[in-house]
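Here chain A shows up in two complexes: once beside chain B, once beside chain C.
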Partner chain A sequence: MAEKPSQEYVFVSYKLPLPYRWAAGKYLSKLYKEMRDHKKLVTNRCPQCRQLIWPPEMVCGRCKVRAGDEWVELSDKGKVVGYTYMVVPLWDPHKGMRVPEEHPYATILLDDGMYVVSRLEEKDKSKLKVGMRVQAVWKEEGRGHGLDEDILYFRTIG
Partner chain B sequence: MVGKVEETERFLFDGKVDIPHKYSAGKVGSRFLIEMRDNEKIFGMRCPTCKLVYVPPRSTCKYCFEQLSEWVELSDKGTLLTYAVAHQATPIQPVKPPITYGIVQLDGADTGFVHILGEVEPTQLKVGMRMKAVFKDKKERAASILDIKYFKPLK
Partner chain C sequence: MANRVAIVGVGQTHHRSKRPDVNVPELVNEAVRAALADAQMKMKDIEAVFVSNMEMFEGIYLPDHWIADEDGNFMKPGFKIAAGGTSGIASAKEGWHFLSAGIFDTAMLIGFEKLDSGDTTAAITTATTLAWGKGEARGAIGEFAKQAANYMQQSGATDVHAAMVRLKADQCACRNEYAHLKLGLKSVDDILKSPFLEWPLRLLDFCPQSCGACALIIATEEKARKITKKPVWIADVVSVHQLPFRAGAFCDLDGREPYSEDLASVKLYKRNGITNVRRDIDMAEIYEPSNWEEMFLCEVFHFCEKNEGWKMIEKGMTGIEGEFPVNPSGGVISSNPIGATPTVRMAECALQIRGDAGTHQVTRDVKAAVATALGGPNWTAMVLLKRSL
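Let's look at the complex of A and B:
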């Protein structure tokens, strides 16, 4: 069989920078500030339906009324309702790089009924279970650099 | 995070995303880039029907949709058709501003070739000037459009 004539092909690689900036606004900033300064999760309550809004927002998504400033402190304990083991970690858009090591990533239902998505401390896959009780472990140094990073991960509790 | 958070109690977040891209230059584009890298030569393609010479080359004529296969070696000299000076830095620019971009019609070509102009002050530029391609050193060339450093005025 005749050999197929081969040609060198050039591939053009480049990185397209996508700079952007967003403001967290008054209500989300209040949550981030409490997380940074007091290691607390807070949210606001709707004056009409009396339900907690999550994440804190200006308008209640159910009643479409102005939510106001009735702030409530939330428990940082909850249970795992679903998880995945990230072998190729997600891209972190605020750092421009991937999270360095593999880790379990879970949706956690807090005791006050809010869903948060965070890393888990437990890296043994056989010990990961839906329904297990977890509690937030807060970063000691350098909090306040953004978003949910003030919580290192959630630790399994009894 | 930027801004006066302590005064306003509002957080601002900066995104730092670089989207990685990779594409094949294709059969025709690859040969064009390889000829620049290996032989310091600029090649174009001639349409068999309308005789238009494209540089950079393309595999299909944009007027008659003819498949092109005739390679034409072009001069590294040409005529300046137009130019513009960019003072604003954007992350995708290959060199620091101010950048002078020009469109040069190489001798023997029917299309303009977009590239950077160098060794010239923007005030000295005139449409219709004769320009010449300046290649990078052989060891710096990497089969990229920037293997041509810039076009400079021919004296």
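Let's look at the complex of A and C:
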């Protein structure tokens, strides 16, 4: 049973700055470099089930075999399959602050059958709907550090 | 032939948003003492301790070492499991394995979390592989918001149905002395006027961050029958992992991948001769981080047909007096000490089977109950508990 505060409780505060530096690995690095240098999405194909793996990686989780290096260029167009928008800004540990967002964000199913999560250009909530066609708008200067680093948002198309 | 294993003791804390009066080991000790008292056992009777907790929520590397005096683990075997929302059942599963195999005859399963220590959502955000899913800092809320929006669109449920689930949860929580949020909500309007957190989730549509611990004592058959007249048998445990985070999509939204809940429950029902879920099982305690999720989970666990999860609440089936109670404890939306949450689900099922749930004892006679947990990228752990085997 929680005791009623009858004494001064002591708290020890602690800020933990823990910088990390992750190796993206062979497969993600290939994707990130293609995005940075050619504004293209690429991935590898499983030699057994022939399905495209996403994100690119060395093992096909379904077949449990080495996925290999058969690389395929992907469309940067797709459709929105789910969306939401933040009303109360949440703490972003990658940025170390609460980040309010201007743009709604969505799970997008690309035409080649893989999901990406990205912001949407469309800010008018009444115009958001599942099934809407979208295409990536690339940043002019990509950093090659991940999808959100190189894709600005997805724009509604036709 | 594997040993039969039963839950013989149950203990939990009064879950709260803040517990300034205790540190982590002291919090855990409350649940440990309660379970020992319930089983009328001493710590010397416990052979091993299995712990469930997520280090990053409290920011303590090796929390199992910190609590080793207060949880009785000192100089005994056991280990900690951190598997997100499934941890509590994952650690129970490991304890069950060891007892089934005859390695130990008694063990304690402890789940705990003290979420007033740090920022849970920030910690959860690091679950997306940081070289891949970075920049989508929404923790669990964003994913459940998208699932809610999708469920609304697919099933025909409205926010009124979600509010009915929330109201039911609060009515249950108000009857459970251990529950954290007891809001005394009067009508669905109380929920519908709460502010949006992340569309379409309102503040009252999502689980709180709680401080709490829960301990279960399990024993092999011969011991169990000596310890208690009311052993609760662990009939089966199933866990299924989903493919890891792809684009941060929590589930497969276009139906190409099966849901881990679907695979796990079908396997559990088949192995245990359950052909009509609502007839053969009497109630469920499920891990529903949001009210929307409860309606969806009722479908993927096959408590009802697809797109009919919202009809269960509309017909009043899932309340304490309903024909198939779901989360009569008030559920996760009322109390969520994450590492303890699945342990609490098992504890609550055990109390219902024993008839010891007190003011929130369900009307239906509970001979079999299912406890479930959900974690990380939609992986599922399920336990089937029974009064007799």
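The rule is simple: the second predicted complex is superposed on the first by the 124 of 158 C-alpha atoms of A that agree within 3 Å, B and C clash if a C-alpha of one lies under 4 Å from a C-alpha of the other, contacts with A are read in each partner's own complex, and residues count from 1 in each chain.
Basically, a residue touches a chain if its C-beta (ideal position, glycine included) is under 8 Å from a C-beta of that chain, and two chains touch if they have at least 3 such contacts.
Bear in mind the structure is a predicted one, so any value in this text is a computation, not a measurement.
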Could you say whether A:Trp91 touches chain B, chain C, both of them, or neither, answering first, second, both or neither? both
For A:Ala23, decide between first (touching chain B), second (touching chain C), both and neither. both
Decide which partner touches more residues of chain A, taking chain B and chain C as the two options. C
Does the superposition put A:Tyr83 against chain B (first), chain C (second), both, or neither? second
Check the residue A:Ser13 against both partner chains and state whether it touches chain B (first), chain C (second), both, or neither. first
Report for A:Lys33: first if it touches chain B alone, second if chain C alone, otherwise both or neither. first
Set intersection of chain A contacts, chain C complex versus chain B complex: 9, 11, 14, 16, 20, 22-25, 28, 91, 93-95, 145-147
Mind listing the chain C positions that touch chain A in their complex? 14, 16, 19-21, 59, 119, 121-123, 125-126, 130-139, 141-142, 145-147, 149-150, 153, 195-201, 243-244, 246-249, 253-254, 256
Residues on chain A engaged by chain C in the complex (per definition of touch): 1-3, 5, 9, 11, 14, 16, 20, 22-25, 28, 54-55, 61-62, 81-88, 90-95, 99, 105, 107-109, 113-117, 125, 130, 145-149
Sites on chain A touched by chain B in the complex: 7-26, 28-30, 32-33, 91, 93-96, 144-147
Under the definition above, what is the set of chain B residues touching chain A in their complex? 1-2, 5, 9-27, 29-31, 33-34, 91-92, 143-144
